[in-house]
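Quick one: structure below, then a few questions.
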Amino acid sequence: MTNKIEVGIVMGSDSDWPLVKSAAETLEKFGLGYEVRVISAHRTPELAFEYASSAADRGLKVLISAAGGAAHLGGVIAAHTILPVIGIPVKGGALNGIDALLATLQMPAGIPVATVTLGSAGPVNAAILAAQMIALGNSELTQTLVEFKETLKEKVANGNARVQEDLK
Amino acid sequence: MTNKIEVGIVMGSDSDWPLVKSAAETLEKFGLGYEVRVISAHRTPELAFEYASSAADRGLKVLISAAGGAAHLGGVIAAHTILPVIGIPVKGGALNGIDALLATLQMPAGIPVATVTLGSAGPVNAAILAAQMIALGNSELTQTLVEFKETLKEKVANGNARVQEDLK
Amino acid sequence: MTNKIEVGIVMGSDSDWPLVKSAAETLEKFGLGYEVRVISAHRTPELAFEYASSAADRGLKVLISAAGGAAHLGGVIAAHTILPVIGIPVKGGALNGIDALLATLQMPAGIPVATVTLGSAGPVNAAILAAQMIALGNSELTQTLVEFKETLKEKVANGNARVQEDLK
Amino acid sequence: MTNKIEVGIVMGSDSDWPLVKSAAETLEKFGLGYEVRVISAHRTPELAFEYASSAADRGLKVLISAAGGAAHLGGVIAAHTILPVIGIPVKGGALNGIDALLATLQMPAGIPVATVTLGSAGPVNAAILAAQMIALGNSELTQTLVEFKETLKEKVANGNARVQEDLK
Amino acid sequence: MTNKIEVGIVMGSDSDWPLVKSAAETLEKFGLGYEVRVISAHRTPELAFEYASSAADRGLKVLISAAGGAAHLGGVIAAHTILPVIGIPVKGGALNGIDALLATLQMPAGIPVATVTLGSAGPVNAAILAAQMIALGNSELTQTLVEFKETLKEKVANGNARVQEDLK
Amino acid sequence: MTNKIEVGIVMGSDSDWPLVKSAAETLEKFGLGYEVRVISAHRTPELAFEYASSAADRGLKVLISAAGGAAHLGGVIAAHTILPVIGIPVKGGALNGIDALLATLQMPAGIPVATVTLGSAGPVNAAILAAQMIALGNSELTQTLVEFKETLKEKVANGNARVQEDLK
Amino acid sequence: MTNKIEVGIVMGSDSDWPLVKSAAETLEKFGLGYEVRVISAHRTPELAFEYASSAADRGLKVLISAAGGAAHLGGVIAAHTILPVIGIPVKGGALNGIDALLATLQMPAGIPVATVTLGSAGPVNAAILAAQMIALGNSELTQTLVEFKETLKEKVANGNARVQEDLK
Amino acid sequence: MTNKIEVGIVMGSDSDWPLVKSAAETLEKFGLGYEVRVISAHRTPELAFEYASSAADRGLKVLISAAGGAAHLGGVIAAHTILPVIGIPVKGGALNGIDALLATLQMPAGIPVATVTLGSAGPVNAAILAAQMIALGNSELTQTLVEFKETLKEKVANGNARVQEDLK
């Protein structure tokens, strides 16, 4: 990973990593440099403060935050930066992630968190969204996204082929 | 209000005050000194940090936090203190406070927020709970709480009398 | 409004306009040019197709979509563009917007919609998020956002002052 | 399957096929010709447009759509045809299909999607409903449906017999 | 109303009529004959039995059922006929119609109820769906539906014009 | 009210009385004697204990309990008697009675509470259910219930007449 | 089982029997005669009608109904009898029984269904409730219930002993 | 465990013990003496009464109550004492603990129950909260809590290290 680091991925616990990993993998597909940090809004609030406050100065462009339960991480990060913050609600726990969804999404006026899908599609979509933002000033990445969109069609076509095969 | 200030009430917005006021009024009934601050976890995170971090040193014993929506305030306060933090989920908004309830309650292991009733009973119960905590080292307050509990019975008796009257 | 149009706001019905209006007002505060269209994913699907497909070529950078009920508009718009799409779930109807929230948020892997707060904070946050994205390549707008963030603190301070006044 | 094709089954992903299969099997029981396509409202929107727009001209009478998550497929299909569209919300994902249920059902006035049971009964009921519609102009199929309804009673009687056996 | 009666509208209580009326009005727009009955699945079960059992013989083609709360009416009607049954969950009551939604939709395999939107769009969509079914054997009605679909576009265009006017 | 008192109605607060009143009125229609008490499971637990423990000895046959919020009253009453206990979840509060519904219904094995409709139908149905229980040993009351059931049909017929009138 | 049959247990499908069985077992503990039938409100509506209508004449005193999904069985049974009807919502399906809970509980005024716990405690509690009703005219059964209530205390005491053992 | 017993842990059933155990283990870490009792609000109400009423006199300072389903235990305990009562909603059952959450939290004004996280974090947080209360009059325990808070940071750092390792 020798690209300039433009995306920071933070998560509340390393137990979120198996889910969040696909965000990193998707960013790599797009050739985007990233870094990953485990930061807890509640257990390491100073770290969250420092990380978010310095992110823009360190050249980061977009922050992706993943947390479960009373998922405050996205909001706490967004409180300390004007970079766009994407929130991944982490599925799991007694309420299956509905708490994380609402705690990530329902931010007050002034401090948005761009929330993505609750479930395995979330981290993938967070990475695509980050790429879409960065592509606003990067025509090569724009082209990569256009091509990526085409591959989605192929996947559907392949799925269709499998069903037709099964119907024979 | 000349009592020593032992309880700090923080709320995310002054629009929460009409609800939260009954916490202050209940503390006054118990003769407990308190202070009130509007502090936003997202708009004034440094203030939240400073307030919570210095609370114990300033002689506060219990913190009461009220917030709506993605109610991160209780958790952010609790992240910076070892004083017990009581969380009042503020009813209202598109989800009628269910977001506030879950964002207040579903704290990760290590950082509890003692959550009370969603609804108008919440601030009253937060104040009583604070009093119960402080009464652990205050026998006079203990006696006040015992007497308060008796008044609850009277209220029920009065309610019963009103219904019997209506039945005549 | 003589600024270059960089943000497209689409909504499913003009009955959404009273809510969505604050997105437009917020963009104006940031000096961002925008256009507004009523486009229904179900009643005018061709229009949705055309609008989204041509948005990038017409110089738009971010699309904001607002819809209620089975809120498909954000997803349909996102299906036809690689520009980032921000989704505002419109509160209301029999389910009070929970249907709109889920239909906007739960996009499959590949086609993200950056969902913001359900409730009156939603359109404001959508506009701020759009500004944060555009600011990635616009240092003047970055400065505006930094200053805007400061004003949030003032609002909290003012709210605090009002409560202290009430406590006297 | 040499019957005239009267029912089109579309689904958002071939991962839905194990559930949706019982719709196809039920249609076969009724002697109804059908075709199956994997079409994504978001990944292949043009395909959805073309399929739905041409369905009536190709002799189809009823369309059955199955999708999960932000299940827009039924609505997108219905937007491009006046044939009756039956929606199967696909159970699964972090919200167990509640998102699919609401995204399928809560269509705005003008574009109905006839939604059936969330769960394994859904595809079976979609097929029966399709048959009921086609039977309006097909007396032989009407008779088949009458006979099918009788078999439901037998199943209940058999179930009852099994319980009586167990009680001995 | 001199058209042949092809649609039967039943509702659980005349208190549902203000909502359900728009189904009747929509059917009239399409020139479809209909009849309306108040029938309770629980208070007049024999009436429900008789009405549904004789509907096909009396020339009805589609039944529309509206009920709130533990909305059993659609299912009870569907149990006694092979005509397609459309269910309108009636909003209201302590659970705001979520009970009606689930009690209408979650039918077991074998007895479908084609459920439409919870909310004011429901009765309109029920009528359109009925028309779509009847149009399968009626080319004139097909044409009417095509034209109706065009009017939806006009409504959106008018809505757009109103917003543009407001923006000036 | 000179009938032998066979039904005891208890409620958690006299604020429940406007809702619960219809239970009393319905019992009167059936000629059943009843008494009403305001008893709080939490504020007057000893009273709840005494009331429930002595109910059978005082000749009561059925207890009806109404409470909102964390509605423990039904369960507390049922813990102290073997008389059948009917629970009315009282609608209202921030969660609109869903808390009362679950707190009343979800009793552990061994201590049932017969829960009735959340909403205005609840107290009426509680009274009818009480009458159905008492009628097991009272043939006159059985006859009254049979006649009552007939009146329900008339109400539906009257409702139907009103709708037909409106359709003219 | 040579006791007079006083309780009728009906369920919508024999797949409910593994859950419902504990109702039968509990009735046997109380020495109460019972019968069990699989009857579907939707697949065998005439059977439901006949069973419920004739239940009182055949000497039954209480009916217990168990069903899942759009659980109409309790309501349909209650529509045809004045015997008390106890409803067991059957857990399972895509919504885990919440549909069954609401479809059983939310009966309109006039036709109560005495709903018990969603979950494994439900059938046990249905049987106890039936026994409590029948005990109103049966002092021997009353005594049995008093003794049963004592055994509940023993179970708790045994549970406590197990925990104390584990703590050593 | 030779420390003075200051915390009483009660639970509704010994089946809650595997979850609740971590409360006991956490109290031991803090060097706090505790006792554990299985007490059912419904099956052994007298025991609940006696335990709670005598708790303060026996030197207990905080009570922790854990229960599932219609979780009345916390409320019943709180009704009989002025000691602070912490409620752990026990996850599980058909509703996965949402019933326990609401039945624990939604206490009426006057009788608070300090509710903690639904899920495995709940008992840990209950113990920490109890320690925070007792620490108000115990400077040694205060120091222990400060040190404990530091260990939370280490856990996060370790988690971060694991992720960095995985990224290599």
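A, B, C, D, E, F, G and H label the chains in the order they appear, each numbered from 1.
FYI, a residue touches a chain if its C-beta (ideal position, glycine included) is under 8 Å from a C-beta of that chain, and two chains touch if they have at least 3 such contacts.
Since the structure is predicted, the reported quantities are computational estimates derived from the model, not experimental observations.
Common partners of chain B and chain C, by the touch rule above, are A.
Sharing over half of its contact pairs with B-C by residue number, the repeated interface among D-E, E-G or C-E is C-E. Annotation: 35 Å between the Cα-based centres of chain D and chain G. Work out the mean CA point of chain B and of chain H, and you get 19 Å between them. Averaging Cα coordinates per chain places chain B and chain D 52 Å apart.
Those residues of chain H in touch with two or more other chains are numbered 13, 40, 43, 69, 93, 95-96, 98, 105-108, 110-111, 117-119, 121, 152. The complete set of chain-chain contacts reads A-B, A-C, A-D, A-H, B-C, B-F, B-H, C-D, C-E, D-E, D-G, E-F, E-G, F-G, F-H, G-H.
Taken in their complex, chain E has these residues touching chain D: 56, 61-62, 82-84, 86, 101, 105-121, 124-126, 128-129, 132-137, 142, 145-146, 148-149, 152. Only residues 91, 96-98, 117-119, 121, 152-153, 155-160, 162-164, 166-167 of chain C touch chain B when the two sit together in their complex. Contacts from chain F toward chain B in the complex involve residues 11, 13-15, 17, 24, 36-40, 43-44, 47, 69-70, 93-96. By the touch criterion stated above, chain E contacts chain G in their complex at residues 12-13, 40-43, 45, 49, 69-72, 75-76, 78-80, 93, 95, 98-99, 102-108, 110-111.
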